[in-house]
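Across the two complexes that follow, chain A remains constant while its partner is chain B and subsequently chain C.
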Partner chain A sequence: MELQVQLLMNTLQIGSVYVLFALGLTLIFGVMKIVNFAHGTFFTAAALIVSSVMIWGVDTAGIPIWFSYLIAFVLALLVVCVIGFVVYFFGFQHVLKDLNGSFILSIGLLLLLNGTYLLLYGGVPRSIPAVVPGNVTFLGASLTIQRLLLMIVAAIITIGLYLLVHRTKLGLSLRAVAEDQEAAMLQGIPYRRVALYGFLIGATLAACAGALMATVTPVTTVIGDDFLVKAFIIIIIGGLGSVLGAILGGLLIALIESFGGYYFDPSTATLAMFVLVIVLLIVRPQGILGHAER
Partner chain B sequence: MSMKKIIGITGGALIALFSAQTTFAEEILKVGVSAPMSGAAAAWGLGFEYAAEQAVEKVNSEGGIKAGGETYKLELHTYDNKYNAAEGAKTAQTMLNRENINFIVGSIGTAPVKATQALSERKGAILFNTGWGKSIKGPDYPLTFTQMNTPFEILAPFYGYVKEQHPDAKTVAMITPNDATGQELEPVAIDTWNNLDVEVISTDKYERGTTEFQSIATKIANSNADIVDFGASPPTDVGSMLKALDVLGWDGVKVVPAGTSAGTLSKMAGAAAEGTYLGASADFTGDSASDVQKELNAGAMEKLGEALNGITISSYDAVMALKKAIETADSIDPKKVAETLPTIVFESSYGPAAFGGADVYGNPQQILVPVMITQLRDGNAVEVGRIAPAELKERLK
Partner chain C sequence: MLKDNLGLTLCILIALASIGFALFSGDPYYVQVVIWVFTNAVLAVTLRFVLLIGELNIATAAFFGIGAYTTAVASTIMDWTFFASLLAAPVIAGIISALFGWITLRTKGPYFLLISFAFTEIVRLFYTKTEALGGNSGMIGMFPPMALNDYFPAIAVTILAAILFGLYAAERSNLGRVFKAIQNNEDIPRSVGLNVIGLKILCFVIASATVGLAGGVHAYTNSVIAPADFTYFVAVLALAYVKIGGEGHIAGPIIGATILTLAGQFLHSFGPYENIFYGAIIIGALLLVPGGIVGLGARFKTGKFMGRAER
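Moving on, here comes the complex of A and B:
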């Protein structure tokens, strides 16, 4: 029993970040109909900013660790929003609904941004101390308070996004554009503006995931790329463009990773994810909660 | 002065000047390094590049390498192989086909080394490497030389020492990356543990680039293994696993045969890393370190903030071996140099060293330097054992 609880806790720990990251990717696809291979660079940028600002804040400026983290978190989101705006303005707005164009553009951006991060931060992995140290035990399962906080914050952001998409005017516009762009425009919805908002929300979600993960894992200049592959698996499983699908897919992948990693080994669990994607593409290509192409 | 005389004097001066330039012209000999300069294993690549730079600087400042009546100054070219085969192949193409480099003085990672070797052997270039796979050596690969100790040199004395310190330890759980390095290390490790009457109760593999280790930590903690052997895992990954194990309350013996960067490990895992045994690290500040090692280590600490170790210092040794072999062969023909390498004794950072290992690999392609066993204490690697290879002792007699 304790073991199953521990594995479930592991699932939630891993899944919470996967969900956040994949939500951004699926939102961008849903609204703009593009594949963004540079999505991981937003995650990386936020993680790098958090690690460097925190090290500066605590070691050099003598600011309390929690306050340093707060400053770093906000700064990371702002910087990623600026990067997101720049790459949208000069790049993605010219390839809306163009899969080939967005593929080439995002691969180019990935190389450019990863190279820039390497130049600015160097290749050595960075590690920052836990903002809230200590462990907690729940039904016999152990986890760090830092991880628990991460899960709570990720859950709040996910619920917030769900409410934004389903309960606000902006969310209605995002869904309308995702459903049928031309019909949405005929209703007076400014497509390009909505696409920009969707892109910035997606980038911010990746930044949130990066800023949260920076406190629990070593940060490298390519850390976002590792999450990108998983995020693609998640949104293919959940259904491209589906918010609920991304949540479901994220938790499912985390479940496979956690239980598969325990009962088999991590490599087998990774293999199982790809097998699942292949099977799903054969039997239900639109994903679990995706809509079939009409 | 007549026009004839002016032309004669000018012509003579020009000929003299040209001859002098020809006599004193220094040739450039390009040497390459292919190592992970980014990602989880970047600490290895950066230290590796630093040690190679220092060796090149030393060789050049001491007049370069003399062979066949020419003097050669070394020029170092470093490439990021990201510790994977695809990037290893890419960097090999660049080094061997675009830059025409005939001497690779260091390559890290069995997968990228194998990718490089596929081209270097065909192109007739010498490949020094730190690859831990046995399959990269042998008569089929006469131009490949391993510049650091590998599992066949390290594991028996290393595990033996650990068992001696913890005689009650009966079980071990192994976790290692799922690539050529991990796959070739695992069977040797299992055999070695079994020979010491320690049972390997689980062997797990993970993909490089993994960031979440909770499930594997849960498995290890639940297995109640006395020892965890992290195989060929790089320090960043080991740090993440140790942190996860610590949260779960596991407190056994921690063993990292490929354990090198004590600083990185300590930074990543903090107190959870204390007491970890490292098989490829080194204490280059201690009494047993040579003056060269102390100097190199101090420079690396200042420049990179990370001490050197068995992997990173090996690029210095490769450059020194290359210099001695070229001068002994009196040629920069890679084939002649490769034939000469096993016959020489050269001055490595450890002191006199040589190439041997024909009994194990079928060809003398393995560097013979001491195996150093270290333990992480207060965040630093402290040398707890040093074993010199019997073959080297024999050669130095």
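Moving on, here comes the complex of A and C:
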């Protein structure tokens, strides 16, 4: 029982980061009809900024640890928004709805940005000090408070995004554009501006995931790439462009990874995910909640 | 027509010259570079072959690897003869791609792109976890037989050049036209009674089997293969060759592969700047020269040099 609770806790913790990451990817796909292979670079940028700022803030400037994390978090989101705006303005807005073109552009960006990070940051992994020390015990399973907070913050952000997409006017235009871009434009929705907002929200979600992940794992310049393959599997399972699908898919993949990784081994778990995708494609090619044309 | 034949004649001459160079040049390094250029050209051309039906196939990299591993297993573990082990590569790659295509080609566009990406990474994971295939360090010891050793580079170039001409012929045939028709609007070929899914699978299998053969040649050329040689990045570079050369004509990917492979020989000394340079070249080519080098030539000929070309 303790073991299962522990594994379930792991699932929620990995899953919450997967959900944030996949949500951004699926949102960008929904609005712009592009697959952003450079999505991991937003994640990485945020994680790198958090670790750099925290190490500087705590060791050199002597700022309290929680406050320097707060600064680092906000700074990371701002920088990623700027990066997102630049790559959208000079790149992605020229390849809207062009699957092959945007794929190539995002791969180019992936190489360019990852190369730049490596130059600026170096290849050595760095860990940041614990923001909130201590442990809690829940049904016999032990969990650091830090990881608990990570889950809570991720859940809040996810709920916030869900409300944004389903309850606000911006969300309505995002969904309208995702549904049918031309019909949305006929209703007077400024497509290009909505696409920009969708892209920036997606980038910010990846940045949140990166900034949160930096607190529990050593940061390297390729940290975001590991998430990319799994995020792709998640959005295929959930259905491209579906917010709820990304949430369910993220938790499902985390469940397989956590339990499969314990009872078998991590690579068996990854293979199991792939088999799941294959089976799903045979049964329901548009994903659990997707409604793409076949 | 005459002009086209002129181009084809030129290509045949270049291929013959390359074979001659591989046969008589004393410098193993330059011979190796020639084989790399041809291998990369095959990768780019097979990637473009699936683009004919409108799908971006990252699994090109996976089937290149499957071919290489098949040949390696046949040669080092099962002790098959040189040509038998080479022939096993396209057969196995073809069978696996038929199964994979049968399942996945029902999906289109982004779904196919992502699933082929995931397939590539998972096949690579499978190599690293399989002890019989050497795990992370891969397989060694694929050597052509002693009697053929001196002629091997020439044989490799001949096979690879034959693949390029074969795919050119396939594209020009009626089958190639049907593939393009599927890309334009698959409902029209379906409306005249063609089995569109079957044709898509056929296109995919042709491309995968040929790239598998190139993988087999790669195994013998390198004598060492490792899982890290077959990441999705292989397909990304192939795509860069296609984009820079231009996807409008089969010559595009070949030109792109030649230029970038030769440039890559200098870039290896750049260290961390290498990826930055590749990234910048890909972005620059996409945004500034959308039709690639071939597209530039075509625009120059039609006098529409200014303005954006169709992508």
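Here, the second predicted complex is superposed on the first by the 292 of 294 C-alpha atoms of A that agree within 3 Å, B and C clash if a C-alpha of one lies under 4 Å from a C-alpha of the other, contacts with A are read in each partner's own complex, and residues count from 1 in each chain.
Just so it is clear, a residue touches a chain if its C-beta (ideal position, glycine included) is under 8 Å from a C-beta of that chain, and two chains touch if they have at least 3 such contacts.
Note that this is a predicted model, so its numbers are computed, not measured.
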Practice task
Pick one for A:118: touches chain B only (first), chain C only (second), both, or neither.
Solution key: both
Practice task
Using the touch definition from the top, say if A:109 reaches chain B (first), chain C (second), both or neither.
Solution key: second
Practice task
Classify the contacts of A:93 with the two partner chains as first (chain B alone), second (chain C alone), both, or neither.
Solution key: neither
Practice task
Based on the superposed arrangement, let me know which partner A:278 touches: chain B (first), chain C (second), both, or neither?
Solution key: second
Practice task
Using the superposition on chain A described above, determine whether A:267 touches chain B (first), chain C (second), both, or neither.
Solution key: both
Completion exercise
Both partners, chain B and chain C, contact chain A at residues 118, 267, 270
Handout entry: In the complex, chain C residues that touch chain A
Key = 51, 56, 103-104, 106-111, 113-115, 117-119, 121-122, 125-126, 128-129, 236, 239-240, 243, 272-276, 278-283, 286-287, 290, 311
Fill in the blank from the handout: chain A contacts chain C in the complex at 29, 33, 35, 90-91, 94-95, 98-101, 103-105, 107-116, 118-119, 229, 232-233, 235-236, 240, 267, 270-271, 274, 277-278, 281-282, 285-286, 292, 294
Handout entry: Contact set on chain B toward chain A in their complex
Key = 36-40, 42-43, 45-46, 80, 178, 203-207, 209-216, 218-219, 222, 236, 239-240, 247-249, 264, 267-268, 270, 304, 306
Fill in the blank from the handout: Contacts from chain A onto chain B in the complex sit at residues 3, 6-7, 10, 13-14, 118, 122-125, 127, 129, 135, 142-144, 213, 217-218, 220-223, 225-227, 257-262, 265-267, 269-270
